[in-house]
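First chain A sits with chain B, and in the next complex the same chain sits with chain C.
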Partner chain A sequence: MGEVQTRLPADEAFRKQLAARNSAAVRWQGFFLGAIVAGMILLIVLLLSIINEAVGLVALKENIPVADIADRPLEELAAPDLAIILQNNLSKGRLQALFIQEILDPDIDRSRLGSDPVHVFLPENSYNPVLGDKTFVDLSPDELAALLAANVSVDRLRDLVYTDVVGLEILESWPLLTSLFNRAAIDQEIVDKQQGIGLPSSYTQQQIDDIKAKYGVARVEWRSWLNRDFLTGSMSATPADAGIRGAITGTLWVIAITLSVAVPLGIGAAIYLEEYANPNAPINRIIETNIRNLAGVPSIIYGLLGLAIFARVLEYLTSGRIFGVEGTNGRTTLTAGLTLALLILPVIIINAQEAIRAVPSSIREASYGLGATKWQTIWRQVLPAALPGILTGIILSLSRAVGETAPLVVVGAAVFLAKDPNGPFTAFTTLPIQIYNWAAMPQDQFRDAAAAGIVVLLLILLALNMTAIIIRQRFSRRLQG
Partner chain B sequence: MELQAQLNVGRKAELLATAAARQTVQADSLMMRRRWGEEAIRAVLFFCGAVSVLTTIGIVLVLGNESLLFFSSGEVNIIEFFTTTVWQPIAGSFGVLPLVTATLMTSLIAMLVAIPLGLGAAIYLSEYAAPRTRAILKPVLEILAGVPTVVYGFFALQTVSPFLRGVVGPDIVQFQNMAAAGLVMGFMILPTVSSMSEDALSAVPRALREASIGLGATRLETTLKVVVPAALSGIVAAFILGVSRAVGETMIVALAAGSGPNFTLNPFQAAETMTGHIVRISGGEISYNSIDYNSLFAIGLALFLLTLVLNLISQAVSRRFREVYQ
Partner chain C sequence: MTQNGNTHAVEIRDMNVYYGDKLAVDSISLPIAARKITAFIGPSGCGKSTVLRSINRMNDLIPGARVQGEVTFRNQNLYGDNIDPVEVRRRIGMVFQKPNPFPKSIYDNVAYGPRLLGLSKKEALDEIVETSLRQAALWDEVKSDLKKSGLALSGGQQQRLCIARTLAVEPEVILMDEPCSALDPIATQKIEELMRELSTQYTIVIVTHNMQQALRTSDYTAFYSIRKALEEDGKENRWGVLVEFGPTQALFSDPTQQETADYISGRFG
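So, the complex of A and B:
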């Protein structure tokens, strides 16, 4: 009898090999987990770096402190008081310039200002009849201030007081981390600049004196770029008083148009494909495949489509000329909304299809059995049952539309708007576009404003997604119960 | 007799009439009657479905038509367009290559990040994580896909680019550069790659894993030598879809990669991609019918075809993988 030989190589070499295999297993498992952790770390770093930009120390300069010109905060003053502040602190020439800039229609012939009575340039009932036939050049500072008070909004007047009288200017801003942990260096930098030390040698004496003078009256204080003025302020050429009110109303308008087009079309298409279409008919197969492929088309292509079709070919409709709106071109809120509607349509259809497919066929059969027609069955049984799923899909595609930037830039978002978008036929901007424009600006402080805008955008998206999750949970609970 | 016959005829007619009436009633109550309301609804719904086809036709027509105008304008010929390396519309040189190389470069960098990390994350979620861990980790990873791209662009420009300049050196790394844009784009694509790969991995039958472990393989060996090869076509489809996303991505490259065409393969230099160029040029008040305007559509057409082909390949590959195990 031969010896029984064990087939397992229980020797040194085997043990070594096993150890190597096991350690490889541990190493790779570490890598797999590391991949997820890397993704999470990036997400955290991203959020932190945005907060880092949105809050921090700034060096401020005011020509005249607010306390010297008013006994109350400017926010509590009415239009006439603000106009009086302007009158008391500005030259007549400056008041005249403000009059031209704020009140007059930019298209009128300036040369007529010297000869024609001023009331011909003003809307009815917006001036004191006592002015009579005075021409523009004859107006006294009192009268100019009164006209400003009567014709300019309180918000705008307050902005003018801030920019022209108080002269609030942010000279420099620092990120949160530097502000927290390196305060000494910031203070030193200010002191150096007050004395003109450490400036680039290429600066002329004039520039150095400017910096000395500016920083001489500067004070350092904390500033959150995300504040009430930021949310309610209009667009501005200076970062310190730039706001996102216009961007938010623009977003609301665009999204409202997008939804009112995309939701009915999307649900309709999903109902057709799930309830009516014969899946083997070529036309329906084409529609199915086509929707799947459209979902993969880069969003910028939709922008080109919107530019060529909605903004250009259909300009007569999208500019509102068909309804008698004047002075607009095809690059309007309507164009933007329609473009985004096409963009999110495939997503809405695919989600709605899944929701409709999930409705048990017993519900349909019961309805038919009671004598309902097809549409009655769909409208009264299938759609209510599928609604939570459809809503979730709509909200998710909505959050995509809210954050979408590229196609809207391509269809022609306005870079600067003097007036907030207030209807389907106005030039538009949206929150992400505002962020893009600020981020692309050379001045650092616009990046801080961009970061504050991003915080707002992310909060909106968070709220939308929470809503979707809540709807989904309610729904699954109802199915269980 | 006559009367009888008449009566009979009368009865017959009566009977016939009742039968006819009964038939009408039946036809009315069953499918025979056309319900015009229902038909109209069907037509409206069909139109809703057809809008998507109209969108595709619109895209093809618009891109094709404007590109045709571009190439027939006499200022450009199609061979120059695809072979020369200077894009300078003012000087009349339209060589698309610098834009293409920048697109490929940023996409390549993005995939170098997204493929290993995305596949690693998918393997962890599908093969290692307990169901509860998975239920927490997966949604967190998907947040990455929900962040608007303009936010990523800001992050790439404001944080990643200065970081690279600090690490590699400000002389080598330009302020805007393809590396920063590509890296951040990789993280943006990561959830796409990982969730599709994970689906493919989960679809591999349990029996294959059990057989492998029964033969003495470690979990790693099972994963790398049995499960991943079995799911390969699905994973490849995920990679291809990721590339398509990277090629079409706009805001990250528009902000962080560069604002001018630059024919270079150096990732630390600024160079504008196809999408970045479209956004920058159309951002201003561009006038219709100018050569600039038409050129955007030529670039757009190239981009559309490229992503379409990638998407079709991805779908074909993943369809094949589905057929194996179902």
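So, the complex of A and C:
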């Protein structure tokens, strides 16, 4: 057999070229690995920097030293003793305010506190010393203190003594890494300030004396900004007392409204476009193209839309006036939820469409072949098979909605809330907005609160996504048998 | 299911099928004998699947598909104005080329059809599931594990599950579109035996590429072929026609058309 003429590389040339091809593959693989490693490093740096801010040493000062008001550490005192400290150090008006805040149901009609006997307002099961028919305003400081001692937990009373009587003020805070590895410098800084050393020369004698006095009674201790008081506390103008409870409930309410609007509408629209609409009709092609474009519109534009439509035009609905709610404007949890629903609707529709389209036609044919109607086929075969894909879209858009700030600022998120968002028709704030507000505050210590807020936001995001992923897994498993 | 002496379960008369403007099959006329097996053979693209799917209006699901002519079933034209395709498909069931069980348990696969009809009593469903699986010769293999996913079965078992699923809605006619083309020879043999058994109760129409299979299983055979014509713009148009129809033995041993003889002897197609 003679040599076959070929244009393809033979023997030696082939082997040389093969080595080049293999090394190209190795180079690409290395690049991909590098991408993963770079991503992981950035993620770790991000998490560390958040934790670095959220935990660390602080310099604390008590406005009234604990030694002046009690002969023992507060942790050893029982409820009546703590209540007496409150009684001795607070005005009657402040005691009344604490009574309303700590004991009474927030929904009672406060205008009747002056005329009706106080026992009418006390929640059931609460301890009630003999008060007769005394009204709220007639209660003496003794009686108020006794009611507080009987109906508020020891821990909460101790917190009240700290915040209302002792008055902790955080003078300075240090990040975790400095706190761990540079403790000596921190101590030295405190000593210097106690003696007025090393302050800028522009300071007046008055300012230097202030600093000397403040740091003279300061103590340094560890503090995690992410603690129980932070999670359960309400908003505050002082960083040490700042809590995130309102932002957490606000986020959960807004997300609940967003999902309950966007999920049914999104899946419904996707079913119509995929199963019923004629794909060749120009009008449907225009709709499809527009949905795809809407998914890429910057979120702040949705904020403007929400402001114009939900907060202004539909104010009668979004303020809850249609349901008899009073004293609100259009800038409510409902407006925020509807705005975010608009924002994520295109993403949910597109993902649901892809998922429905990916359902094999053999399943549809089998169902029709057995005498199923169109709706029976969609409900019993197409939707269950598409559900994992639909849920993926919901997870993606949920993450986006939870972290969204700009459109909510535009529709009017509250900077400060006296009352937590607890329904669709209340003023709202959410975690990212709270974090943004804290980060923009002049006091350094709010940055630490912001870092703790970010940890909370990440944990909530993780929890929501885990829930959706678990549901998806359960469905996929059921489908594969 | 009395036939009143009428030995034809379905009768196709002068049927044309179009996809959009394109003719797919041209003036097909064909009787389908009751409780017999009728095989459709012919080269790829000759329209035999199109004819099959016209019998239970599965072509309605293809956008642009259009059927002219008559398909008579129980003295009614299936393409008449007052006919709901959902009812047609419940009476004329279908088994597809690739086994396509639902991603559900074996039990739920078989119970799917009866449930569509509103049946929900457990005893009734249990009975239908068992009868259908027995009829499809699958009961003994799966009775201990009806909760198992239908997709976990082997290819041949899956196809028998699909047959059981079709039987569960008590059709009169079963259409089979190349039911064995994705199966190995042993599974194919089982399906063929099953078809023979079922043909005592059901009218069966089968599309097959395997002429041996048509010869082994069917009572009647219809041979389809392709016609071509050049259009003015130079494009070639192809459509299917029915060349010959008759009892299987006669058609294979003594075809009347030269084209049939060429095809079954392997000289063409």
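Here, the second predicted complex is superposed on the first by the 327 of 481 C-alpha atoms of A that agree within 3 Å, B and C clash if a C-alpha of one lies under 4 Å from a C-alpha of the other, contacts with A are read in each partner's own complex, and residues count from 1 in each chain.
Throughout what follows, contacts are C-beta pairs under 8 Å (C-beta built on N, C-alpha and C of every residue); 3 or more make two chains touch, one makes a residue touch a chain.
Being a predicted model, the structure only gives us computed values, none of them experimental.
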Original post:
Thinking of the overlay built on chain A, is A:Leu314 touched by chain B (first), by chain C (second), by both, or by neither?
Top reply: neither
**OP:** Specify the partner with more touching residues on chain A, choosing between chain B and chain C.
**Re:** B
Original post:
So, does A:Ile363 touch the first partner chain B, the second partner chain C, both, or neither?
Top reply: second
Original post:
With the two structures laid over each other on chain A, which partner does A:Leu113 touch: chain B (first), chain C (second), both, or neither?
Top reply: neither
**OP:** Considering only touches as defined above, state whether A:Ile208 meets chain B (first), chain C (second), both or neither.
**Re:** neither
**OP:** Kindly classify A:Ala25 by the partners it touches after superposition: chain B alone (first), chain C alone (second), both, or neither?
**Re:** first
Original post:
Of the partners chain B and chain C, which touch A:Ala372 in the superposed model: first, second, both, neither?
Top reply: second
Subject >> Which superposed partner A:Ala385 touches (first chain B, second chain C, both, neither) >> reply: second
**OP:** Overlap the chain B and chain C contact sets on chain A and report the shared residues.
**Re:** 373
Subject >> Parts of chain C lying in touch with chain A, wherever the complex brings them together >> reply: 56, 58, 61, 63, 86-87, 89-90, 93-94, 96, 98, 100-105, 112-113, 116-117, 148-152, 162, 165-166, 169
Original post:
In their shared complex, at which residues does chain B touch chain A?
Top reply: 35, 37-38, 41-42, 44-53, 55-56, 58-59, 62-63, 66, 116-121, 123-125, 127-128, 137, 140-141, 143-144, 146-155, 157-159, 187, 190-191, 194, 218-221, 224, 241, 244, 247-251, 254-255, 275, 278-279, 282-283, 285-286, 288, 296-297, 300, 303-304, 307-308, 311-312, 315
Subject >> Residue numbers on chain A that touch chain B, as the complex places them >> reply: 21-22, 24-25, 28-29, 31-36, 38-40, 42-43, 45-46, 49-50, 53, 264-269, 271-273, 276-277, 284, 286-287, 290-294, 296-305, 307-309, 312, 342, 345-346, 349, 373-375, 399, 402-406, 409-410, 412-413, 415, 432, 435-436, 439-440, 447, 450-451, 454, 457-458, 461, 465
Subject >> Residues of chain A defined as touching chain C within the complex >> reply: 278, 280, 360, 362-373, 376, 380-381, 384-385, 479-481
